[in-house]
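These notes concern the structure reproduced below.
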Amino acid sequence: MTATLHTAPVTVPDTTDQRVVRRRLGPGHRIRFSFWFGPTLALAIWSIGSATGLIKPAILSAPWDVVVAFQDQWVNHDLLGNIVASLQRSLVGLTLGVVTGAVLAVISGLSRFGESLIDGPIQIKRSVPTLAIIPLFIAWFGIGEEMKVITIALISLVPIYIHTHNGLRGIDGKYAELAETIGINHGEFVRHVVLPGALPGFLLGMRFAVTSSLLGLVVVEHYNAVAGIGYMITLAEQYGQTDVIVVGLVIYGIFGYCADSAVRFTGRRVLAWRQTLEG
Amino acid sequence: MTATLHTAPVTVPDTTDQRVVRRRLGPGHRIRFSFWFGPTLALAIWSIGSATGLIKPAILSAPWDVVVAFQDQWVNHDLLGNIVASLQRSLVGLTLGVVTGAVLAVISGLSRFGESLIDGPIQIKRSVPTLAIIPLFIAWFGIGEEMKVITIALISLVPIYIHTHNGLRGIDGKYAELAETIGINHGEFVRHVVLPGALPGFLLGMRFAVTSSLLGLVVVEHYNAVAGIGYMITLAEQYGQTDVIVVGLVIYGIFGYCADSAVRFTGRRVLAWRQTLEG
Amino acid sequence: EAATRLELSAALPDKVPTGTTLRIGDPQIQAILGASGLDKELSDAGVTTEWANISGGPQSIQAFRADKLDCSSVADIPSLFAAWTGTSTKIVFQAVTQDPLDHPIYKLGVAPGVNVASPADLRGKRIAYSAGQAQGALVLRVLQKAGLSQKDVQLIELTSTGDSYVTALGTKAVDVAPIGAQNIKLYEAKYPGATSINTGIRDDASTLYCLTTAVEDADKAAALKAYVAIRTRALLWANDHPDEFAKAYYQDSQKLNEADAKAVVEINGDKGIPASWDNAIKRLQETADLLSTEQKHDKLDVTTLVDRRFEKVQADAAGDKVVTGDAS
Amino acid sequence: MATDARGLTTEPAVRVRNLHRSFNSDGGVLNGLDLDIAPGEFVALIGRSGTGKSTLLRALAGLDRDVAGHGRIQVPESVSVVFQDSRLLPWKRVLDNVVFGLRGAGAADRGRKALAEVGLAGRERAWPYQLSGGEQQRASLARSLVREPQLLLADEPFGALDALTRIRMHALLRRLCETHRPAVLLVTHDVDEAIVLADRVILLDAGVVDTDVRVELTNRSRSDAGFAELRSLLLDRLGVAADA
Amino acid sequence: MATDARGLTTEPAVRVRNLHRSFNSDGGVLNGLDLDIAPGEFVALIGRSGTGKSTLLRALAGLDRDVAGHGRIQVPESVSVVFQDSRLLPWKRVLDNVVFGLRGAGAADRGRKALAEVGLAGRERAWPYQLSGGEQQRASLARSLVREPQLLLADEPFGALDALTRIRMHALLRRLCETHRPAVLLVTHDVDEAIVLADRVILLDAGVVDTDVRVELTNRSRSDAGFAELRSLLLDRLGVAADA
């Protein structure tokens, strides 16, 4: 039997780092600035396509023409006002939709009876084109701001509901068991287990809800709007002003992309407890 | 010290079942026939509303009028043909979209480089209204069937991509670690870890893709279609045939609801390995 | 296939080379050709048609831009907007309604409980208005004729999609809105107390407009010449065979029931082929001028939008059935 | 029926009669198990892997609504469970996990104290995934102990602990038991541990209580003869030669 | 440098030099650890909960890319890991988990055999959640053993097993080691287990190898005097009185 008690550690600081190199199967680290890759690439393709004539201006205006149209809209047609009007609408609608959707999802997620009442109608609602429901909404809420906000709320409610419901139902049953033995009431269960557990799902829903609320503008601003990006696009479509349409689309693209990235960024923050392939 | 070796079990069969009753915090068991609750409820509200005059026929035709219109369309206007035409379109588009979306999601999910190329454009695409992109597609793919199918494919690609990507990134990192120590290659990793792990996400994506592919019909069948449910609705709108529009919506609703339920049912089957609140 | 280029001033060639294809969005004529057997004459003339179920401004302009369509049947507004947005087109066919004021395309629907008996009563009313659509131009013209300006009424921006105008009226979101004449009965039946008035102006412009590049293609120009002649005869055939027309188009293609189909044909009235395009061009110019002031577009000389070489093709094909004078 | 220290019959804290549980048709996991635990009694449960120890605990905790079977169970109001997996909520930091569901002002302080007692002072704000296996187990133990239940069901709470930490946890558990006197049912694979801690050791086999021995040793040291005797009895019933 | 049975110096299978790992700025988990393991050598690793045993194993397995630190590590080509959590893929049935990544025709048969050896015959088609804690651990062990690696890293593979099952697993592991002679680094909390199984026992403390003893007993029975001596030495280094 040999017992070697440990001797003092090596004194020369050797900071060689030679690790076991194992093929990484996950996606690895986030690339810095990768946020800019996609848009830059899209812009590059668009510019090159337009410059070489592969993309005809009749089909898609060149970026530089869009810049000119943008300036024109900004200076002469109150583009800022349009943007603000639209953002306001979609923000109010989104907030309404997100709150209602999340509440409905929790009710229907935690009670089979609630589910049987809530789930079917929502599934049916989402199978039916929004455009086709608008007449109903006009009848109920008029053609004013109310109808627009409610329509957007209903559009963004759907992804929030479905994702939160799905996320909630995907919570590992063992945490519910734990909560049962801890002796908490339904409210605490929702706050401490259901909401955090469904949060990844909810956030994914948010990504869809945000874009839906923006896209919904195109539909609702058909109706009795005098400002808004959707209105601008609608008008431009009727006149066939491709460059103005593209201005609208670019604004949509920018807002959508930024909002989406913001939700994903928030997600990475608030989901710090997860150890997943996202890393 | 007392050692009691066990004696023979009780002979009188006592099958009293008195368990510890603990408040259930999860949703509990699925209710049988709950599949029918939602639609039945919706139908009931609709019928009662129409019968009592709360829902004016001008706003929404009564169910019985819709049945008559349905019969008329079926007998005199080849409703079946319309349905088949539409289903074919959305099926082909859906298949294309699902396959491409899933492949892109896996590439971008597993490679940060791939992600930086693929993810941005898809996010931008989805921030932009489909209606506004159609002119581009018409330019590239004409006004025939090709354009329609590709548009639907692109519409349904988005939810598949996002959900699969999100599901993939949500896989617990410890399974990737395990896979790395097992010494498998990327292909096997995808097959055995990534795909099953991302399956819940993919299935949720499917639910959205299926409805999207149906809703996409409304948009694409505006353009140079001679059959299809979307076309039928467009026509009926022109002539103010409210009841025919509702026939179309009901068909959408039924297909959407059934497809959605089918995906969820499949989900419960193939996700038998999960122990979640879904139960 | 680099077809020979044909100057816009050159005479239209007669001979249609075999395999010449026209891509046309003209569903109504398509149905009539089938019902009347004129489609046979068209193919005998050497014209192959590739029908697109496209009609109306936005869709046809989109298809033109993508170069997926040669011609499309529209009213007058689309060719103006095509010009304003840089797509060069030519009108190759003009038709009118024989009694345009008795068979208007649009009427003004009036919301239940609102008192509008004539265009003069429009003052102070909320009127549905859609800047880029034919309905919008119509509203402006009605106001102009009633001696009112945009300031005298309240224009409510509302796109006419589906039955959105009917709904807006029925729910009293607007007081007045232009509604397709064929839908007026439905509207009045649907909403008790709803009424409608005639606009008192002509809205019967009906044209076939084509990509200028198609007209400049010698082969296509020849085919178009044949098509325009046969299209003329098709319209006249429809006048003589209202029931067959109703069946072929409104019933079979547009899926109306027999009664509704006949009613629509009746409401739309008979079409006429003008002996001269002068009046039509004059009205087009007026519309262009009105829109350019009210909606701030460039001034436009509409003679650049018509190809009058087809004027005679049409008149010849109609023979003694042409309409002249005020009717044209 | 259990008797208390003075030999009087008392109403048991836990009473199980004729308990049956089975997961599939081809055989039950529990086959008519009877068990009484007196208030304040510390029972250690041993048995082969897969004999149904966790199944029994889950039945007592009321977590097996969906498992087929029958029988009668009575347990006190307040039950606390240490699960075999440590089952920390991944989205709550360690301290929040420990005080999860606790009410009242002093909750955070009590949680902090409990964490310190299990040797996790300073780790209050760590996420569960940042703890080592043994640390997770201790956090989970702290969560149960801080609640002071009438019945503590602990499913191998010391399985991932080294000898020293284990001894400390034993001491902690014993101290808590002396103060609050909960009934305890502790699953363990370590026969020595069972003898050291428990008033009674029961061995589960074939779905029933195969052996039920009261530990009445004054000196609970391994070198004690009574200890060794009890140890060989239990190991023997487990199918192991005591010296292996 | 290790010496083989004949006292000759051999190239070690595992060589670790000056290994540092830390999860945050206020102190390292491993602080300049050196370790050699000869081919075919069975090393048991003991140490307090939270000293860095799993961290060391993960470093050897190459799973700590993102952990700060430095040092040099050499390991053989084929390494197999038994994780502290059993880490069965929840979406694969037990047999598929065991043969996951195995190639060749006989894979399923080998997997079935391995499952039988760990006492899970008949459970091939169960989902992981349907196994008891100990059964999961054994399935995970089967998955590692069926691979016949050159280096086996096992993180408390027997923690959830009862005495009898544990002895069976010991025998199984010993048998496999004799056949394929992998180098083994086995983490355990059970000092007796370490002595019974290993050629060498090392004790990790303060991020370095605190104690490194070769087990050269002819009779590995608890009653053996050498066994007891070694046991008290190790327990003493762990801070426990041997008789506790």
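Just so it is clear, A, B, C, D and E label the chains in written order, and each chain counts residues from 1 on its own.
What we mean here is this: a contact is a pair of C-beta atoms (placed from the backbone, for glycine too) under 8 Å apart; a residue touches a chain by one contact, two chains touch by 3 or more.
Everything numeric in this text was worked out from a predicted model, so none of it was measured.
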Both-way neighbours, i.e. chains that touch chain E and touch chain C: A, B
Count of contact steps on the shortest path from chain D to chain E: 1
Farthest-lying chain, centroid of Cα atoms versus that of chain E: C
Between chain E and chain A, distance of the C-alpha-averaged centres to the nearest whole Å: 46
Mean-CA-position distance for chain C and chain B (Å): 41
Distance between chain centroids, defined by C-alpha means - chain B, chain E (Å): 47
Contacts with two or more other chains, residues of chain E listed in rising order: 61-63, 79, 85
Two or more partner chains touched - positions in chain A: 22, 24, 56, 59, 131-132, 135, 139, 174, 179-181, 184, 193, 237, 242, 274-275
Chain C: positions in contact with at least two other chains: 65-66, 161-163, 167, 170
Chains grouped in pairs wherever the two touch, ordered by label: A-B, A-C, A-D, A-E, B-C, B-D, B-E, D-E
Contact set on chain C toward chain A in their complex: 57-58, 61, 65-66, 81-82, 84-87, 130-133, 156-159, 161-164, 167-168, 170-171, 173-174
Chain B - residues contacting chain C, complex: 57-59, 72-73, 76-77, 134-135, 138-140, 142-143, 222-226, 232, 234-240, 242, 244-245
Contact set on chain E toward chain D in their complex: 23, 46-50, 53-54, 84-85, 119, 130-135, 138, 155-156, 159-167, 189, 191, 221-223, 235, 238-240, 243-244
For the chain B and chain D complex, residues of the former touching the latter: 1-6, 9-10, 14-22, 24
Chain E - residues contacting chain A, complex: 17-18, 31-32, 34, 59-65, 69-73, 75, 79, 208-217, 226, 229-230, 233
